[in-house]
Amino acid sequence: MARVGVFTCFCGANIADFVDVPRVVEETRKIREVRCSIEYKYMCSDPGQQMIRDAIVQQRLTSVVVAACSPRMHEKTFRKALSDAGMNPYLLEVANIREHSSWVHQKDKKAATDKAIDLIRMAVAKSIANEQLYEISVPVTKRALVIGGGIAGIQAALDIADARIPVTLVEKSPSIGGRMAQLDETFPTLDCSQCILTPKMVDVASHPYIELIPYSEVIELDGFVGNYKAKIRKKASYVNFANCTGCGACWQKCPVKVPNEYNMNIDKRKAIYTPFPQAVPNKPVIDAAHCTMLLKGKCGICAKVCEKGAIDFKMQDEIIEREIGAVVVATGYDLWDPKPYEEYGVGRYKDIITSLEFERMVSANGPTGGVPQRPSDGKVPKTVVFIKCIGSRDEAKGIEYCSKICCMYTAKHAILLHHKVHDSHAYIFYMDIRAAGKGYEEFVKKAQVDTAATYLRGRVSKIYKKGDKLMVRGEDAQIGQLVEVEADLVVLATAIIAPKDNPNLARLLGISYDKYGYLSEAHPKLRPVETAKAGIFLAGCTQAPKDIPDTVAQASACAAKVCGLFSGDTMKKDPMVSKVNTEFCSGCQNCVTVCPYGAIVTEEIPMGHGSKEMRVVSKVNEGVCQGCGSCVAICRSMAINLSGFTDPQIINEIVAI
Amino acid sequence: MDYTKQIQEIASKLFAEEKIDIFIGYRQNAFDDNQVPILVTVPADVPNLIFTDKSVLNLTNYLKFEHTRNKRVGIVVKGCDSRALNMLLTESQVKRENLYVIGINCTGVLNEKGEKAQNCLECVMPDAVVYDEMIGTPSGKKEYSVNVDVKELAAKGLVERGEYFQEIFENCIRCNACRHSCPLCYCTKCCIDQESAVLYNGSNTPSSAFHALMTWSLHLAGRCVDCRNCEKACPSHLPLHLLHKQNEMVIYENFQQHLAGMEKDDRGAFYKYSMKDPDDFIM
Amino acid sequence: MKKLTYFPGCSAHGTSEEFDHTLKLVMKTLDVEMEEIPDWNCCGATSAHVMTENLAYALPLRNLVLAEKFTGNIMGIACASCYSRMKTTKVHMDENPELAKKINSTIIQEGNYTGRVEVKSMLQYCYEDIGLETIKSKVTKSLAGLKVACYYGCLLTRPKGITKFDSPEYPVSMDQIMEALGAEAVEFDFKTECCGASFSISDTEIVESLTGKILEVAKESGAHLIVVACPLCQSNLDMRQPDIEKHQGKSFRLPVMYLTQLMALAFGYPESDMRLKKHIVPVEEALSNIGKIQEPPPKVTKTKKAVSAESEVE
Amino acid sequence: METEVKETKGQVVSAENPGIVAPADWQPVIMGILCNWCSYAGSDLTGTSRIQYPPNIRIIRVPCSSRVDPWFIIKSLQTSADGVLISGCHPGDCHYISGNYYARRRFLVTKKLLNFVGYHENRIQFSWVSAAEGPKFAKVVAKVTEDIKKLGPLHKYKKENLK
């Protein structure tokens, strides 16, 4: 026989003024299973809790009902009181007689009291079916996987590693550094990007807690939070890094020239190459798609000149497996291809370039030695037109969103142009100037005033050729007139888009992505770094376009989340998860389909006791289950139940009144 | 529609080639006025097999019993039966590799009065959708139409409809024959039989019948293929199809014209969703 | 022999008679039998679709219904405006059969619209259904030496969702036909710029400034003449030229010819068949460039090439 | 086709069973099943905002609307309840990603089936109430209570052995 204790709170006057508490106590005492019914002014106060603890011991209660405020308020408080009295905390039920009765029926004390009695009756009935539950602890593998070695991945990896947690950093290309390594100077302070980034890259390479796996990709992720297993494919580099000293003799002698991705294809690199001089690791790789030795079996010059014998043409892709507890995804961004802007002559005119191409040109280690040149004739441009929102905020040709950083880097480009070519002039066509950020508006002002760049509000409708100039025709909406600028060079601020591979990666990791391909955060406001899958976090532009400070902040936030997750040897988890009664499970696997977390798997069990015949049943992975109960409601044979909200508990509530 | 010869030939061939252990088909009953299922285990019994337009029952029901589990089974399925088989395959209740399926492209079976059965008149898929071997000419998918009885009842007033069903629930004797005859009621332990004190009081009253039949029909909603085994098994001759057809209509009209078992790996309407599902009934 | 159902439109019988005439010659050479729709009616361009939507559909729809009485599966249209109205109507009616039925049954007595007949401009027909190879094979007098700027105007390739033909901003079909005839199609940026046709009557100043820009860029590109496939383009660019020259103090002297006139010429028809007298800007001087092959421009050698996407081996 | 709800002075007639009448001051019992993250939080907000609503509803907390098995509805109607209100997160806002989408399908079929066998459709009602929609929750409860008051007491298939 159940022995239930009911504890009704006055909540000062909050409850007592509108609910007749003595009558509640009197009525609830009549319930068959109720052993004691006690009232007190403030149940949540120390003396109130003491009354509960005393009653549990003295009355040998089997469950406790507290009639007070919402369980969302003090459920934890009272559970602790139960624990302190040596009772399983999950034998508590809260009857919400404040938010659901006294506060909302202030004009009818009788009705409010009747309702309060009913709510307590329901809670008592439910509590009788309550079971002892225990917090689930899931062991944690304390190693983080960071996917992507741009500034986001670098920052996350360093912050996690500084907390003495091992990190595996996987980078797709031969060197870490990402997009930031391609930048010249950064807004709004014009620090040299290389100067602030390369020390961090070196730190990654030398950090005792970071394992850097460059030129590789994650191809599989199994498991759940704290217990993931990742498979990483390390692409064949054909260079034995252990022997290579990075002397560079191989690439100097290589006869094959290939467009250089690092310099936006403005110049050429070799088929054996390091992407850029400050690359980390500073070891070359062979581009198998272009190496004549690998393609046709002829050449092999690099192998001949390598004194260390580090070249190995027989090298194969390698699969590396790592057990990890959490994942940070930082795959960065791609740039939109402005081809649809046919009215600008994109693709036909060499002197129309993208911003990142311009960035490479003005970069000191760039293909033109830091001075911009017209691709058509190599002349230094005097008049440069910058056009913003190419693809961004353009539903017809591109995408609807704002790429966020173009306003700032275009202002930067105007300033850099002025630095490099003193007698030049910049014209900037814009839709709006979005310069929200510390020092950003001032920076734009600097471009407008100090550099005297001409800002023209309006869209460009046409670019056509006149002699060797490009005529840029657009509207100056502020004076309501058509303007034409005779330009030497046109720079298009193309939109940021999600990496093409993101949907594949998302499927592989089991997380979601939006219609543009950006990976989705768990909550746009309150959980911006987590994904809906526990233990997987997002940093940088893979989640949405953002600038360097925001990216670094998000990366550090990821690191904090990972460190929090790894703060104990096990993770504690609410025991409100689903459980399968294998005796009743018929193995239809519909629960596997509806589970939003993939928490349900199947296992084989013997048909009967000692039987050799096997049958398939469902099994809940407690570490992954979030306790929604979707599986419970669709299980026809009621083989699954959700602890804390079992069928008997809810049915008891329904039939209690 | 008389495929007796073909089926006997196929069954003999399957036994001769040792492809099957059991063949599930139809035979004439003792009074020669109806057909009953037969589980043929030896080739000598093959001549008893028969298939005509009186081969009414859905034989896939016999796949859920212990006799056939993990045995190699040859089975005859009509259009509706094959949809039930599809459901069983999708819900992992039978293994495809254990089955040799003879699909009948059905032209409709007869009811007790010798007329074409109502579910055959309204049939959407007379052709077998799963088969190893096909008999008859496929006639293709038919247009969906709302069940005439459902339509007629829905046109009546609420009170009248309520009284009609009250009688049905009063006449139910809670024998569970409907459940037993349904191929898709294969649960290890039916929910109605569990924890009876809380869920269902087990007594033979209209309210318990109501509760059991409501639960049952909702568990078959989006899965029922309208074979009407249940109705044939019901000793009280209750029009059980009303409940299933009502649910089928709601599902068809609201959830992208969903019909159970038409495709492989379609788990039924309640195990998927669409953003376009109706929302106007929710405040 | 291919069959083509032909919709001439009002201007083909008037201002652009030379277009109509040379089109018929060209089609004869290309082995296409043109069947002109009898009792065709106005396409409703410029006025109907700003007044009432249903009327704007009804007028072309009747022509489409009439076209379905012929065996040909394609309705070829000379005028770009007619083409635009007809094609828009076809696309919208095919998307919305209910509306088509309604309009059909209310106004049109000649039959029921089924959507069988495809609608194409003559440019599109030449490019897609006849093909560059066939056109090339019929050339008896190459136009080599002649530099042309191809002007498509606003309607032949736009809106993209309706026409589904060539690029809406930088089309190339006419350029390729010109090259098949032996002429050189110069790089011309104002292929689809607005000529101001809608203001033709009401505000000629706008037309002059817009058309003047087109002429200026065409001249700049080195063309001897402008090729068009639309009567309105032709009249605007040709007829207004003297006025533009006078008001803007510039000299263009750029003749504006129909695509079909040049095709007919290349197919060996005498100049007398071109109706050259109808042009305001004389064309003779421009046409005299035919046969005068200029020095080919010096080829850029591989080493000087700025950037190539291909990899290369030294 | 729904039967017209009869307005009778001084008493309420059951919509399903015209033979059953109740006095005019009869109060229905409504079973409210609310999801923890949106609707239960929303109902708490109604309380903290002191927005008043009729006291007929008895609230059960479940983690998600997808936890609601149709026979919770059936069971409620067979025991003390005269009507049921189920409330969850707005589509797209489900705390558990997709729970309410699955639930929505079951709710529609259940509602239509119960109506088919003789329950007035207003006895089974659904709402989406977010954690911020305290005022909406009050409105929803008021409307459901009013609807069910008009329908009169429910006697159908009540458990014979219950009080």
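The first chain written gets the first letter, and so on, giving A, B, C and D; residue counts start at 1 in each chain.
To be clear about the criterion, contacts are C-beta pairs under 8 Å (C-beta built on N, C-alpha and C of every residue); 3 or more make two chains touch, one makes a residue touch a chain.
Bear in mind that the values here come from a model prediction, so they are computed numbers and not experimental data.
Counting C-beta pairs in contact across A-D and across A-B shows that the higher total falls to A-D. The distance from the centre of chain A to the centre of chain D, each centre being the mean of the chain's C-alpha atoms, comes to 39 Å.
If you average the Cα atoms of chain A and of chain B, the two centres end up 48 Å apart. Work out the mean CA point of chain A and of chain C, and you get 53 Å between them. Our note on geometry: chain C versus chain D, Cα centroid distance of 67 Å, whole angstroms.
Those residues of chain C in touch with two or more other chains do not exist in this structure.
Contact with two or more other chains is made by residues 594, 634, 647, 651, 655 of chain A. Touching two or more other chains at once are residues 75, 98, 102, 106 of chain D. Checking each pair of chains for touch leaves A-B, A-C, A-D, B-D.
Of all residues in chain B, those touching chain A in their complex are 70, 91-93, 186-191, 194-195, 198-199, 219, 267-268, 270-272.
Listing the residues of chain D that touch chain B in their complex gives 1-3, 15-18, 70-71, 74-75, 78, 91, 98, 101-102, 104-120, 125-128, 140, 143, 156-161. Residues 70-72, 96, 98-101, 103-108, 111-112, 114-115, 118-119, 122, 532, 576, 594, 596-597, 626-630, 632-634, 642, 645, 647, 650-651, 653-655, 657 of chain A are the ones that touch chain D when the two sit in their complex.
Taken together, the chain A residues at the contact with chain C in this complex read 255-259, 265-268, 271, 290, 292, 341-343, 345, 348, 350, 375-376, 378, 462-467.
Residues 150, 153-159, 161-166, 169, 199, 201, 203, 205-207, 210-211, 214-215, 217-218, 221-222, 242-243, 246-247, 250-251, 254-255, 269-271, 273-275, 277-279, 281-283 of chain B are the ones that touch chain D when the two sit in their complex.
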